[in-house]
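Naming follows writing order (A, B, C and D), and every chain is counted from residue 1.
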Amino acid sequence: MRRAPRHGMNEPIGRRRWAIAEGWIPSGSTGPAPQMTSHETASILNVSDADAHVEITIFFEDRDPAGPYRITVPARRTVHQRFNDLRDPEAIPRDTPYASLIESDLPIIVQHTRLDSRQAENALLSTIAFAAEE
Amino acid sequence: MRRAPRHGMNEPIGRRRWAIAEGWIPSGSTGPAPQMTSHETASILNVSDADAHVEITIFFEDRDPAGPYRITVPARRTVHQRFNDLRDPEAIPRDTPYASLIESDLPIIVQHTRLDSRQAENALLSTIAFAAEE
Amino acid sequence: MRRAPRHGMNEPIGRRRWAIAEGWIPSGSTGPAPQMTSHETASILNVSDADAHVEITIFFEDRDPAGPYRITVPARRTVHQRFNDLRDPEAIPRDTPYASLIESDLPIIVQHTRLDSRQAENALLSTIAFAAEE
Amino acid sequence: MRRAPRHGMNEPIGRRRWAIAEGWIPSGSTGPAPQMTSHETASILNVSDADAHVEITIFFEDRDPAGPYRITVPARRTVHQRFNDLRDPEAIPRDTPYASLIESDLPIIVQHTRLDSRQAENALLSTIAFAAEE
């Protein structure tokens, strides 16, 4: 007989503001598209019972920020958003350093992953984003 | 003669609620099984003197969450749990984005690692999970 | 009709003091320079409306620290600073373990990335830096 | 004319207790030793003006913990400690999941890195360790 912890199953988990300082979408790829296409992803998790409305702002080295890009993360769902696929209000340029600010009306969790397939074998990186205090 | 710090050797370390926003088990592998099989792992550490009862819930992009998956991390032990090996109540589909919520009745530490061996050379990523405030 | 969250768009995000314990610039590279040159980068994001003045101090295993290296991260910009390119007051030696302390007069976000291209295929790692409490 | 921030240059940065849930030293390697030998490293930074006395305890899946392993991180120095090189009180077995608890008498910063060179091209991972509240 074991205990069922389930502490706080209904409590929110996460933060409303996140930042990812590292960003770079390589222009080249090897391997079959789209799985092996070089890309950067913000993986977002919303464990709450309501939809989260998320805005992403992209910062650059030598121009004003782009965005906001708006996405919805439905209640009790995850969205793995490729930065490559952001189009509105503008596409993110390749081979260009950028950073991102991710703001939500509900607590979410954000993780950053890059697949770099410019060379024959892929490189993968992932890191938790920086969560602002609330 | 050096000092023995041992501050808080008996104090708990960790948190009770963790989240990993990034999840993906590749369906393909190269190299000898099982070490070189593509997999995702949640490495869990319990430094306390009692067993920790852990529940994992898996979130998807387009369906309701799966779980809870129940595992026990014994007192003063680590468990490196492959998501590939979770079977009850259901296996986690391959090539499908997911995220996970990890809840425990005692403080634990959680780290996330993926070995991707779809191509000839492996890619490895690891990141600390997000820890909820308590 | 969706809500525009924009909570705190004008609030600062980040911290003033960061540390990266891991540092190593490989001396060898393969692939076209400079993109594929082995390097370590501190990606810094400043979302505030004023320029951030940043000082980097480099720590070694067997000698006194080097620095400070001074860089400016303009308002609402990111700088992806390669440690390879730091020259004043001195270059950082290759194949030598180091660590870094990054201090700013305004809140910033810092992430650490290494591209290791000593062998034919690159390895990539990235991790959020450690943020001091304020 | 720019400001010299130097806020808190003499304030401690870091925490006294850290944990790394993921650990695995591969038994095989390719490439020249020792740089390309598969290894796991705890990179530790001590920015304070006094030596830090550090104790590492290693946790396993199926036996009692090993240690403590004692190392000194001198004032204003970093130590990149390979787990492969820990010998006293016992070597860490290869191909075995483990986790580590790192305790210091002064605040330090800890980062975890693995070089996996079992296959022809290396895989690298790195993540910040989990810092206990104080």
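For the reader, a short list of remarks on this structure follows.
As a working rule, a contact is a pair of C-beta atoms (placed from the backbone, for glycine too) under 8 Å apart; a residue touches a chain by one contact, two chains touch by 3 or more.
What you see is a predicted model, and the numbers here were worked out from it, not measured in a lab.
Homomeric contact chain A/chain B is classed as different-residue, with under half of its interface positions used by both copies. Greatest Cα centroid separation from chain B: this falls to C.
Between the Cα centres of chain A and chain D there is a gap of 28 Å.
Centre-to-centre separation between chain A and chain C, using Cα means, comes to 20 Å.
In chain B, the residues that touch at least two other chains are 120-121, 123-128. Put simply, chain B touches chain D in their complex at residues 2-9, 11, 13-14, 31, 35, 41, 43-45, 47, 76-80, 109-111, 113, 120-128, 131. Interface residues of chain D, counted against chain B in their complex, comprise 16-17, 19-24, 53-55, 57, 59-62, 64-65, 68, 70, 72, 95, 97-99, 101, 103-105, 112, 114, 116, 119-121, 123-130, 132.
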